[in-house]
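Dropping the structures in below, format is structure tokens.
The same subunit A turns up in both complexes below, where it pairs with subunit B and then with subunit C.
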Partner chain A sequence: MERKVAVVGYAMTRQASDIGVPRPIMLFELVKGLFDQMGITRDDIDTFVLCSNDFQCGRTISNVFEDTPVGAYMKDETKVEADGVMAVMYGAIRIMSGLYDTALVVGNSLGGSEFRPYLIMDYQLHPAYDRQLGILNEPVTAALQAKAYMEKYKITEDHLNKIAARLLRNAAKNPFALRGKEDATPEYIASSEYLYEPLRELHCYPFTDGACAVVLASDKRAKALTDKPVWIKGFGDSIEGYFLGDRDLSWSRSAKVAADRAYRMAGISNPAKEIDVAEISIKFASQEPIICEALGLFPEGSGAEVADRGLAEIGGEMPVCPSGGGLGAYPFSAMGLIRVAECAKQINGEAGDIQVKDVKTAVAHGQDGFCAQHNAVMVLSSEEG
Partner chain B sequence: MAFQMGEETRQVQATWDVTTYNYKVDGRGIKLLADGMKDKKILGIRCHNCGTVYVPGPPFCRKCYIPIDEIAEVKDSGEVVSFAVEMADVRGNPLDEVRVSGMIKLDGSDTFINGRIQVDDWHDVHIGMRVKAVWVPEPQGNLSDIDHFEPI
Partner chain C sequence: MKAGERIVAHAVVPLDFTYNYRVGQYIERYIKALGEKKIMAVKCQDCGRVFVPPRKICGTCNRILDEWVEVGPEGTIEIFTIGHVKLNKGLVEKIDKPSIIAMVKLDGASSLLPCVINGLDPEKVKKGLRVKAVFKEPPEDSLFDLDHFEPVG
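Presenting the complex of A and B:
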């Protein structure tokens, strides 16, 4: 990268099923709190990148209602409709252009209290085809994806239970997560009801309210804003076609393409060795092995072994989602931003009970669309350059 | 100062029922598929460059990125590529009867379509299972002319 960009500040709300305040207040408190904590004002921010979704906000052009709460009044402002990792990429690219030195990226969702995310996802379905057929909805597509992977690589529901139990145990140690259980076991997961076989309630993301804000800065400004900048070393993004009928759901081609791009930019040739922790965005337990394998964190088809041997545990070979990830909370749009912030926490040694030892390099992943149609991957590091 | 939960908050109910709208559909794709169903035919489009047969057929090849228009008929039988067993509806209400939704690769097609699979016991459904379309008695030329799929 010619012009380097760092994460210099971050804050998130506690993720909840009902955060209890309206969106503008949630955003104002979050961003004002972050500015105060960093000792800056909105005048220090050159460009604002908002990440939200019209349908999820209950109003079109959602950003026009969010700009004043985040301090963007009369400032340079833009919006990303998809996921937070994509918004951070966009903010980083704006700084790399040389036009700006600082950016505030904010994502939010009230998917816990204001709407049911599955129903919002219905509006992403093709109006003249999928909606006419009336077969697909989000959990159905997730179950189709789960079955495709499980059949191909011989993993069982018990493995899904192990993945979900690990994430809920991690989430219990993360004060910002919505749903955690300290002593979650595979049996506990198996005791929840089937919604869409093979997926049980506890394999699925909880409907979540939450927001996250991240401040980015150029190398020129970063060190004046923090003594612990976390450098964005590489990023990549890729999208599949919309029609699930075109896709082999047992793997994620676009996540792999996105990861390859990010790793090339970051100079990473062996992700499994060079990455110390991963924070990925999964909506269903069955997506974890698919995304991890696309990101090169584990070998292809290794989901069963990873779950059986606990390789993704906080103390494991390749810790995945020490925060609890998508099963701990899934605030749309803020999800990927939280992954970036969690990576920064890990790198800065600020992750408390979910801290992984000696983290230098971390990878954040975000997704959008049915069966993770759109994927973005970002590599973060304590090392500049 | 911190806002106290609830003190400043009121909720109002809002809906998204703003308007109905006209959604344009490409005549060679979904309409071709629907029209053909009147004669119990399943029609897609083949890419003359890479040979991919799409059902429903797009006006351009998604991989080659060129316009395509060669009509290709595929069979109304095929193989289950994946399936979901629905125990609840999208709102989370339990269903009286479980529904099996399948992704099906019709013989002659390179892409998959979605359809309901009817069996006595959902445990019998498996990936790789052969299925056949069951048509409604009097097809009208729309996507619902295939009522469901059943095992062969």
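Presenting the complex of A and C:
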């Protein structure tokens, strides 16, 4: 990267099923709090990237009510409609262009209290085909994806339950997560009701309100803004075709392409060795092994072994989602942004009870669409290099 | 209003607002063929894959798909899920009788088609099971002319 970019500040709201305040107040308190904590004002921000979704907000051009609360009044401001990792990429690219030295990236979603996430996903279906027929919906597609992976690699529902239990235990230690359970066991997960087999209620993301803000800066400005810049070493994204029937759902080709791009840019040749912690965006427990394998964190088809041996635990070989990830909370547009902030926390040793030991390099992942049609991957590191 | 209760503005977005999507020649031809109990697909002349439902462009080869081929009406269940709920405007509702939703590989097709399988005990559904298309009689010139799939024989 010719011009280096760092994460120099971050803040997130508590993720909740009902955050209890209107969106502008939530955003104002979040961003003002972050500015105060960093000792800066909105004048220190050159460009603003907002991440929200018109359909989720129930109005067109969702950012018109968001720019003033986040301090973007009369400033350079733009919007990303997809996931938060993509918004951070966009912010980083704007700084890399040389036109800006600082960027504030803010994502938010009120899927817990304001809209119905599964209904919103219905409106992503092909309007002239799948939406007419009504066969597919988000949990159906996720169940089909789960079966494709599980049948190919001989993963059982017990393995899925282990993944979900681990994530809920992690989430219980994360004060920002919405849903956690300190003593979650595979049996506890198995006691929840099936939606579409093999997916049970506790394999699925909880409907979540939440927001996250991240300040990015060029290498020129980063050190003046923080003692502990977290460097964005590489990023990539990739999108598959829409039709599920065209895709091999037992793996994620686009997540692999996105990761390969990010790793090439970051100079990473052996992700399983060089990455210390991963924060990925999964909406269903079954997506975890698929995304982890696409990101090269575990070998292909290793979901059963990873779950049985606890390799993804906070103290494991490759900790995945110490925060609890998507089973702890899934505020749509803020999701990927939170993954980036969680990686920065881990690298800076600020993760409290969910801290992984000696984190230098972390990977954040975001997704959008059915069965993670669109994937974005970002590598972060304490080393400027 | 009880003490402590907040006022919520119910801003109704007209989700029933009708957008008049033109389905295009490809889905039109597909629907017409369903009326004759035929399932039509398109074949890419570069990569050779056969796509159903038919669409105009091959993403891999970035070219127009213009060779029409008939696929099915029989096929094989590749992936399936047993549904214990349904979604009603995004809300999860329990159902009494479990449903079977499958991705079926129609004979001659490369892609899989999302299908509802009827006439089969959910306990008996498995990968590799042969199924056949059941068409609506008389046809009504819609996608629903391909009503569902059921086991062969």
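Simple rule for what comes next: the second predicted complex is superposed on the first by the 385 of 385 C-alpha atoms of A that agree within 3 Å, B and C clash if a C-alpha of one lies under 4 Å from a C-alpha of the other, contacts with A are read in each partner's own complex, and residues count from 1 in each chain.
The rule we apply is simple: a residue touches a chain if its C-beta (ideal position, glycine included) is under 8 Å from a C-beta of that chain, and two chains touch if they have at least 3 such contacts.
These numbers come from a predicted model, not from an experiment.
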- [ ] Give one word, clash or fit, describing how subunit B and subunit C relate on subunit A after superposing.
- [x] clash
TODO: For A:Asp227, select first, second, both or neither according to whether it touches subunit B, subunit C, the two together, or no partner.
DONE: neither
Open item on the list: Just checking: does A:Asp43 make contact with subunit B only, subunit C only, both, or neither of them? Give me first, second, both or neither.
Closed with: neither
Open item on the list: Looking at A:Ile25 after the superposition, I want to know if it touches subunit B, subunit C, both of them or none. Which is it: first, second, both, neither?
Closed with: first
Open item on the list: According to the stated criteria, A:Pro117 is in contact with first (subunit B), second (subunit C), both, or neither; which is it?
Closed with: second
- [ ] Could you tell me if A:Glu2 is touching subunit B, subunit C, both of them or neither one (first, second, both, neither)?
- [x] neither
Task: Contacts of A:Asp183 with subunit B and subunit C, given as first, second, both or neither - done: neither
Open item on the list: For A:Asp358, using the defined touch cut-off, is the partner it touches subunit B, subunit C, both, or neither? Pick first, second, both or neither.
Closed with: neither
Task: Shared subunit A surface residues [contacts with subunit B and with subunit C] - done: 20, 58, 116, 118-119, 122, 127-130, 132-133, 135-137, 139-140, 143-144, 147-148, 151, 193-198, 241, 243-246, 249
Open item on the list: Touching residues of subunit A toward subunit C in the complex: what are they?
Closed with: 20, 58-59, 116-120, 122-123, 127-130, 132-133, 135-137, 139-140, 143-144, 147-148, 151, 193-199, 241, 243-246, 249
Task: Residue ranges of subunit B in contact with subunit A within the complex - done: 2-3, 5-6, 8-9, 14, 16, 23, 25, 30, 54-56, 62, 81-88, 90-92, 98, 101, 103, 111-116, 122, 127, 142-144
TODO: Would you pull the subunit C residues touching subunit A in the complex into a rising list?
DONE: 6, 11, 13, 15, 19, 21-24, 27, 51-53, 55, 59, 79-85, 87, 89-92, 94, 101, 103, 111-116, 127, 142-144
Task: For the subunit A and subunit B complex, residues of the former touching the latter - done: 20-22, 25, 29, 55, 58, 116, 118-119, 122, 127-130, 132-133, 135-145, 147-148, 151, 193-198, 241, 243-246, 249
